[in-house]
Each structure stands twice: as structure tokens, then as C-alpha cells.
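Multiple structures are listed underneath, in C-alpha cells.
Next come two complexes, and both contain chain A; in the first it sits with chain B, in the second with chain C.
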Partner chain A sequence: MKQRKRILLGLFLVVFSIGMIYFLNDEGPTRILVNLMTFAGIYSISAIGLNIHFGWTGMLNFGHAAFMGIGAYTTILLIPHAAGREGSINEEGLPLFIAIIIGLVASALFGLLVGLPAIRLRGDYLAIVTIASSEIFRLVVRDQENLTGGVYGVISFSDIFQNIRPKFLEDLALNLDVSAGQLWVATVSWLMVILLILILKRLQNSPWGRALRAVREDEDAVRALGKNAVWLKLQSFMLGASIAGLSGILLAFNYGTLQVEYFVPLLTFYIWAIMILGGVGAISGPIFGSILFWAFISETDQIAALIFENADGQQIAGVRFMLVGLLIIGLMILRPSGIMGKKEELLLDVK
Partner chain B sequence: MLDQLGNGLLLGIIISVASVALSLLYGVTRIVNFAHGEIIALGAIMASFFSNLPTSRYIFLENTSPLGLSFEISLFLSILICGLFGAVLELFVFRPLRRNEFGNIAVLVITIGISIFLRHLYLIFASSKPQNYPLDLQRREQYFIFDLTPRNAKIIVYGILIMVLFGLFISLTKIGKQMRAVRDSTELANISGINSDRIILYTWILSSMLAGTAGIFQGMINDVRWNMGFLILLLVFAGTVLGGIGTSFGAMIGGFVIGIVVQVSVALPFMEGHTEAKNAIALAIMILILLVRPQGIFGKKERIS
Partner chain C sequence: MSNNIIEIKNLKKNFGGLKAVDINNLNFERNKIISLIGPNGAGKTTFFDLITGFTKQDSGSTFFDGKNISNLESYKISRLGMVRTFQLTKVFDRMTVNENVLFSASSLKNDRFLNSLMKSSITSNAEKELNDKTAEILNLVNLYHMKDSYARELSGGQKKLLELARVIVQQPKILLLDEPLAGVNPKLSEDILSLIGSFAKQGISILMVEHNISAVMKVSDHIVVLAEGSVIAEGNPEEIRSNENVVTAYLGKSND
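And now, the complex of A and B:
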């Protein structure tokens, strides 16, 4: 397919699925749409990071949730917050902007830490090591209750972010009858998506971006040309990890609380589904992928109701995740290049 | 420390059986099977479905009560179902994929999809409540230096027996030899008249039956949960990688070591009050081993980087 046809297909699917939301929900479709677009924006950012790892460099990273988590925890714990069983309040903190920068750096450093032992390993080993390190992260965060609030999580940190919300969003939220806080998170997320895509468009055709894709195609050839393939992979790992960190921070602000259970391995698989759906290696793929994914997810209640009479929460969740599983299987079998991806750019075999 | 050693031995046996199954499958088919945990859980959940009394508080799906068969028959049936399920996976999913020459990354991602699908199918089928088998409570007794209930001691004996039988099967029988031949080189095996498709089918069946057995053991010492497969999967990976993925003997030892490390680490002084994080230690050890010896302790030196 030509590039233009792919974009048209993506746009058509997005318009169609948003139309379905208005068609299927009689009450408050705008609210559902804003909620959906907020998550879609946040998950796009994460999928953009994963796309650098897998789509560009060909590294099987199954620990993406931990990179999101490191960014979120570092930033949130540096700004004023309340944490733990008693909700002990910590009023002092760094300014938001500096905390976010430190959070992104922390994610990148964690990427380096995981990457150093793992990056030399073959693809399937890398998959096991990354998923193991994301579980180590989750178990340690759960365990260190004094620092991270453990299973009780972190609360009361949103004010510093919501205080810089522009006034016109509040009027808009009032008109649309949606939460102003969420609208602000959505706005920031989508601005970040656009910014990232503009930067990555430049990077993709830079010497650095070309070298990354060369690593994916043939690492030995890259070495033969005098480039340091391991260092290139580590750089890619760090860049993708810190983009994931940004998405984790926004995820925390969207929920308004920070729980360690957000960062289970299932989150990683969500991001994988989004990346594959949008198109592996395509810069704008994650946008289409995440909107479609969340439109698909938010309609599972109706699908569950078709299968069970009076489906309860458990059944709805069950059906939802079964559909995610089927989506991953179906895409990999029928259209592994997704909506926007190019088949010749897709790495499907471990070298 | 010593009473933890008994628990470690128990968990070690279970992870060992599951790791051998995963390693065998990887060796013969080169598939890193993320759905392995779900086959483990299938064994445990089916055994609960067969053995619990219809009057028990467990409900499967809507208005379906468990069958109340005797526990021995339930074990047999569940392991059989796991084997059948392995055959179904091979015949309807992985053989067509192999025919169409899907790359191993694609297959790996597909096993993740299967795992997510099955796990939540179990959530709908068995609900999120933990279940137990209808077994009576037993008192702990002293065996050598280990404090174990008679049932748990039996699990250890049976687990060792299973692995000895498996070792004999792989090294002495014709099918076992053919499995090793396919593991070493599918092309050469085909040339020498081995029907590699059939051997791979047998491998799936054997691997799934072993996984199901491990699941039933795990259900006996702990409880049966819809997500138990994923919880144990990473430990099984750790055991497999530690011993050397693709090797049978290595996976056995690796599984043992991981199980013992997980349980004994609870007794370490710096782990006091941090028992929930015990799995993290086993995973960290796996990563460290990969750092110094990427092919695992007993793995052959092949290019894995």
C-alpha cells in the first residue's frame, strides 16, 4: 500500500470507531470520548517509545511498564505528595518542571541499567530479561513502603500540575460537561505526542536514525562500518525508556493517584498491541493504534453483554482482555505490519 | 532456615518439572512459550473442577458446579486434558504457523496473545476467587531434616520420579532419541527419515502434560487461581535460563535452585519483613547469571548474543 492509502485507512478507522462511540452510547458520549482520548494520548507516547526499541532498533522489550513506572514514581515522589498507609504528607518538593526532567533522566538511567547486561543477548533472551526486570521493579516498589507508599500508593500530588491549567480549558470543560482536570491531561498528552512525532521525524532520517535501523537489519554490517552497535542500542534503549517515563508521569496525573498495580506486565502487552496495531516502525502508527485500541476496549461492555446476560465486572474484564489477546494473535497472523507499518521494515526473526 | 529448606525443595520440584517442559519445547521447536504458564494453570484449574464436590462453594462459569470425582481420577483427567490441549495448540496454531514460515519473534508475540486470552478465559470460567482441592489437612512430620506434611513429601517423591522417568524416556526410547535429533537439527532429522512434525506434536503433548502436573502440585501446596500460571511463569523462565535453555538436565537443576533460592531467601536477615519481594531475588539471580554465563550453567556454548 502507498503511504497515502495507509493514512486514509487509518483516518477512516479512527472516524469510524469514534462514530461508533456516539452511536452505541446514548448517555454522555462526549465524556467517554474525552476519557478515551486521554488514555489514547498517554498510551501513544508510550508506544512511540516502544516503537524506537522494537520498530527502529529491533529490540524485544517486554519491560516497558517498568520504564513508565520509574518515570512516574521519580517525578511524583519529588513533588508535594502524600504516601503510604497513613498518607503521611510531604509538602516540600521540587518545582514540577525540574521533577519531570529528573523523572525522564531516571527512566533513561534505568534503561541503561537494564540494557547493560541485556543488550548483548539474543532477542528472545532480551524479552525474558526485560520482563523479569519489570517484575523486579514492581516487587521492589511494592515492598519499599516507606519510600513509595507500597500497596497503599501515592495520593494528593495533582494540584501542582492542575494549578497551571489554563483558564479557557475550564470554560470548555464546563460546556462539554467533562472533567477539566482530565481535559488538561489530554491536552498536554496530545501536545507531547505532536512534539515527539516532529522530533522523531527529524531523527528518523538523521545519520543516527539510519544507523539504528541498520542495527536492526544487520548488526555485523554496522560493526564493519566502524559504528559501535552496542552503544547505539543502549542509546535507543535510553531514549525509548525516557519517552515511556513521560507517559508514565501523565498516566499518574490522569489517575490522580499512583498505584504500583498500574505497572503490571499486562500494561506492557497493551502497549505492544497498540504498537503492532498502528504499525511497527511507523512514526505516526502509535496515534492510530492507540485511538483504535481504546475505542475497541471501551466498547467491550457491549460485547460482553452479548455473551453474558447482566455481565458483572469480572466478566466484562475477562472478555475485554480476551479480546486484547485475540487482537494480538490476529494482527500477528493476518497483518503484522499493522495499519501504517511497512512489511519490509518489520523484524520478525531473531538473528 | 531449615523449615524453609523443605518448602524450597517443594517449590524447587514444581518449578523443575515446569522448567523441563518449557526447555524441552524450546529445544525441539525453538518457541519461547509465554503461554506455558497458562497450561500450568489449566492443569490446576481442571483438577479443581473435577475433584471438588458439586456442593462446594466453588462455581465454574455460571451455574456450573464442579464434578466431585475422586482426586486420583481428577489428576489423571486433568493431565490428559493438558496433553490434548497441547496437541490442539500444535495442530491448529503452531503447525500452520510453521508451514507459513512465521519468524520466531512473530511466534513469541502470538504465544503472549494466547497467554492473555487463556488467562482471562480462566477468569471467566473459574472466577477470581482462590480455590482449594478437597483434601484433608495434614500435620507436619519430620523427614530427615525436612519438616513436611506427608502429602507434600509425596509430591517431592513423585516429582523426582517423574523427572527420572522423563530422563529415561528422553535418553533411552526411540521417540526420545528422535526428539533429541530434531532438537539438534530439524533438517538432518528429516533427512534421516524422522517425521519431525510428528515428533513436534509428541513434544507439545509431553511438555503440556508435564506443565499440567506442575500446576496440580502448585495447586496442592498453595491454592488454585486464575492467574497462577503467570505468577509462576517468570520463575520457570528463571529456572530454564539458569540451567541453560534447551537442555533437560540443566532446566531440572535450574528449577531446583530457583525454588530453593526463593524460599530460603525469606530466612535471610535482610529479607525480614520483605517476604513479598522474594521472587525478585530469583529473577535478579537469573539476570546476573546471564551476565556472566549467557548460555546458562549447563548450556552449550552457542552464539546467543
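And now, the complex of A and C:
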């Protein structure tokens, strides 16, 4: 399939799923749409990071949630915030921009920390180590209440981010009857998605990107040709981790609170689902994947309600997972390479 | 500078109780085509793995071009100019033929993350030059018409050619070929042998493991015979042909 056809297919699916939202919701479809697009933007960023790990370099990273979490916690704890049960506000903090940079670096360093011992492992062994390290991160954060707020989380940190919100967004939010705060997070997220796509377009066919793909194909051959495969994998791990960190930071600002339970392994698997839906290895895959994924998630409630009469919230939540599973199974049968992926570069046969 | 490109002393490797390689003293001369033969399980591939750093040696020392490379990492050995191929071809399947060679030809500086991110004019000029270079090499091995195909679409023999193109583009000092003719049809075998001959004429030393004895006898300047991890004979093709140890190693001892 040609690139144009793939884009058309992606656009069709996006328009179709957004249309479904308007069709299935009589009340406040715009609000649902803005909510959906915010999450879609944030998860796109994360899936772009994962795509570098898996799609470009072939590394099975199942600990992506931890990279998001490290970025979020580092940045949020460096700006004014209130943490823990007491919740007393810590007024001192770094400027937002600097805190974000430090957060991104922290994510990259955590990637290096996990990567150094683990990167020589191949395939599923790396997957086991990464999922374990992400759980270790989550449990340590939950345990260190003095620093991270533990199970009580972190609150009151959004002001510094919302204060730089441009005026016109507020008028727009008022017109659309949506939350101005969320609209701002959505705007920043999608600007970041565009920026990242531009950067990755540059990298993908560059000598560096080519070297990553060679590592994905055959590490021994890379070493035999005089290239340091371990260092290339570490670089890829760090870049992807810091992109995930950015998405974690935006996730925290979107919720307005920071809870350690955001970063459960389920988050990692959502990101995987998005990457696979969009097309492994395709730069713009995560965008289509995440919009489709979130549209589907938000529509499943209505679909479930259509199928089962009198279903309560918990039952619907169960049905939601089944439907997401069906979506992925269906797509894998019809288009195993995802929406934007090339059939010739199908990556799901991991060594 | 010594006339030997590789000098090996007391190289030993055991896998558990199995003695895989045990070589007391072995030197390879510069600018020669040298073949390594021996029955299956003689330790030929292990020997390749040891001197190229893919397997850690138990003891002994290896000198390449006068430099001690024992225990050096494989990619560093390769950077010194000793480049190998594999028994089972390892082309980058989901990259194009041209990209396979470009990757190999690209300099370490060119590969750097920041250079790629900034896409400086130096990098893009370097890429243009690389493309000229790979076109030349692909023409040489007769794969230019396939340059934009994915490598996995190539036939087995073409993959062997691509592997040759990928190593020769680096202009190494010595080329280690692990069964370059395995599974290749006779016509293509001829082509590959003449390519190997032309590399040797350019001053590249060749060390190859090969089971096709008639081809080995035809092209080699020097033959080393391994059996059970040790060198049992070496010499020019004539000497090897008439060596009784070699016949015994291949065919077994006669009973009378």
C-alpha cells in the first residue's frame, strides 16, 4: 500500500471514530472530544518514544510507564507543589521550563540505569527486566512518602503551568463549553507531537537512524562491521525514555494531581496497543493509533450499554477491555502492519 | 613491520569438557589467500569467533598487524581492519540492499546522533559520497539493479554477494570469510571466487573457511588444516593434497 493510501485510511478511521462520538453522545460531545484528544496527544508522545525502542531498534521494552513516571515526578517535585497526607504547599521551586528539562534528563538517565545491565539481554529477557524495573520504580515511589507523597500523591502544582496559558484559549474554551486548562494541555501536547514528528523524520533516514535499524535486524553483523551496538541501543533507550518522560509530565498536568497509580503496567500495555494499532516503526503511526484507541475506549461505554441492558459501571469497564482486545485482534488479522506500517517492514516477529 | 598479519600463540578454548580450539603457534602471511579446512566440528568457526572477539578465549594471545587483540571487543577489532562474514548470512533483512552497504560504509563520525539531528552540510555531503561508493561496490558484485529492494527479497547466493559488498566497502586489511560458497550454485561460486581473487590483488589478505575443497585448492596460496581444534597440517595446496594426516582426518584411518 502506498503512503497516500495509508494516510487516507488513517484519516478515514479518525473521522469515522470522531463521528461516532457525535453520533453516540447527545450531551456534550465537544467536551468528550477535547478530553479524548488530550489523552490521545499525550499517549501519542509516549508511543512515539516506544516506537524508537521497539520499532526502530527492536528492543522489547515493557517498562515504559516508569519512564513516563520518572519524568513526571522529577518535574512536578521541582516546581511548587504540595505532597503527601499533610499536603502543605511547598512554595519554592524551579522555573517550569528548567524543571521540565531536568525531568527529561532524569528519564534519560533512568533509561541508562535500567539499560546498562539489561541492554545485553535480547528479546523477551529485556522485556522481563524492564517490566520489573518499572514495578520497582512504582513501589519505591509509593513507599517514599516524605519525598513523593506516596499513596497520597502530589497536588497543587498546576498553577505554574496554567498561568502561562494564552488568553485566546480561554475565550475559545468558553465558547466550546470545555475546560480551558485541559484545552491548554491538549494544545501543548499536540504541538509537542508535531515537533517530535519533525525531529524523528529527520532522524529516521539519517545515518544514526539507519544504524539503529541495523541493530534491530542483526546485532552480530553490526558488531562485525565495527559499530558499537551496545552504545547505539543505550542511545535509543535514552532518547525514547526522555520522550516518554515528556508525556508523563503532560499527563500529570492534565490530571492536575500526580498519583503513583497512573504508572501501573496497564499504562505500558495501552501504549503498546497504540503503537501496534498505528503501525510499528511508522513515524506517524502513534498519532492515528492513539486517536483511534481513545475514540474506541470512550465509545465502548455506549456500545457496551447497547449490548447489555442495565449494565453497571464495573461491568462496562470489563466489556471495554474485551472490546479493545477485539479491536486489536481484528486489526491484526486485517492489517497486521497497523494503519501506517509498511507490510515489508512488519516487525511483530521478534527474534 | 613483520610479514605476518596475524600471529597466534597458545590459543585455547574449552566448552565445558570439550576442547574446541588448542593452537600452539600459527601465523598468517600478509597479502595471501589462506584457507582453513577441516572436518565438521574441527573448530574452524570457533577459531573465527575467537580471533574476531565474538567468543572470549580461555588463554593465549593473538596479534593482528603487530597489535595484541586478545580480549579486545569485537567491534574494536573490526575497526582495526579485520572484518568477518558469517556462516549463515547475516544481512539486514528489512533494510534495502543499498542501506545495507551504506550502513557499513558510513564513518563513526557520520553515525553520531548529534550530526544526524543537526543534518549539517558535512553530513549530507558525506552521504552523497557514500552513495557513490556503494553504487560502485554494488556494480562490482552485480547487485546494483537490486539496490532499492529489501535485502530479504534476495536469493541465498545474492545475500552472500551482499555480505561481500558490505565488508569490502570498508577496505579492510584482512577479510575473514566463513564459508563464502556454502549453498551457492556453481556459476555464482565462480563469480565469488574471482571477486575474492580481485580483493586479494588489491592487497587485502583473505582468510576463509570453506568446504568446497576443489575451489580451495584452486585459489589458495596457503592451506591450514584443523582437526579437533588443533592444526594438523599446513602448506601449499600440493603439500596438503599429499599429506597423509589430512586424508586420515577427513576419511578415517584405513584398517590394514
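Convention: the second predicted complex is superposed on the first by the 335 of 351 C-alpha atoms of A that agree within 3 Å, B and C clash if a C-alpha of one lies under 4 Å from a C-alpha of the other, contacts with A are read in each partner's own complex, and residues count from 1 in each chain.
The definition used in the following text is that contacts are C-beta pairs under 8 Å (C-beta built on N, C-alpha and C of every residue); 3 or more make two chains touch, one makes a residue touch a chain.
In this text the structure is predicted, and so the values were computed from the model without any measurement.
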When both partners are placed on the shared chain, which of chain B and chain C touches more of chain A: B
Partner chain(s) touched by A:V129 [first = chain B, second = chain C, both, neither]: first
Partner chain in contact with A:F321 - chain B first, chain C second, else both or neither: first
First, second, both or neither for A:K167, with chain B first and chain C second: neither
Touched partner set for A:K5, first chain B, second chain C, both or neither: neither
Intersection of the chain A residues that touch chain B with those that touch chain C: 347
Parts of chain A lying in touch with chain C, wherever the complex brings them together: 199, 202-203, 206-211, 213-214, 216-218, 220-229, 235, 239, 344-345, 347
Of all residues in chain A, those that touch chain B in their complex: 60, 117-118, 120-125, 127-129, 131-133, 135-136, 139-140, 142-143, 265-266, 269, 272, 276, 308, 314-315, 317-322, 324-329, 332-333, 336, 347-350
Parts of chain C lying in touch with chain A, wherever the complex brings them together: 52, 54, 73-76, 78-79, 83-86, 90-95, 99, 102-104, 106, 108, 110-113, 115-117, 119, 123, 127, 150, 166-167, 170
Chain A partner contacts - residues on chain B that touch it in the complex: 32, 62, 97, 102-106, 108-110, 112-121, 123-124, 127-128, 230, 234, 237-238, 241, 274, 276-277, 279-280, 283-284, 286-288, 290-291, 294, 303-305
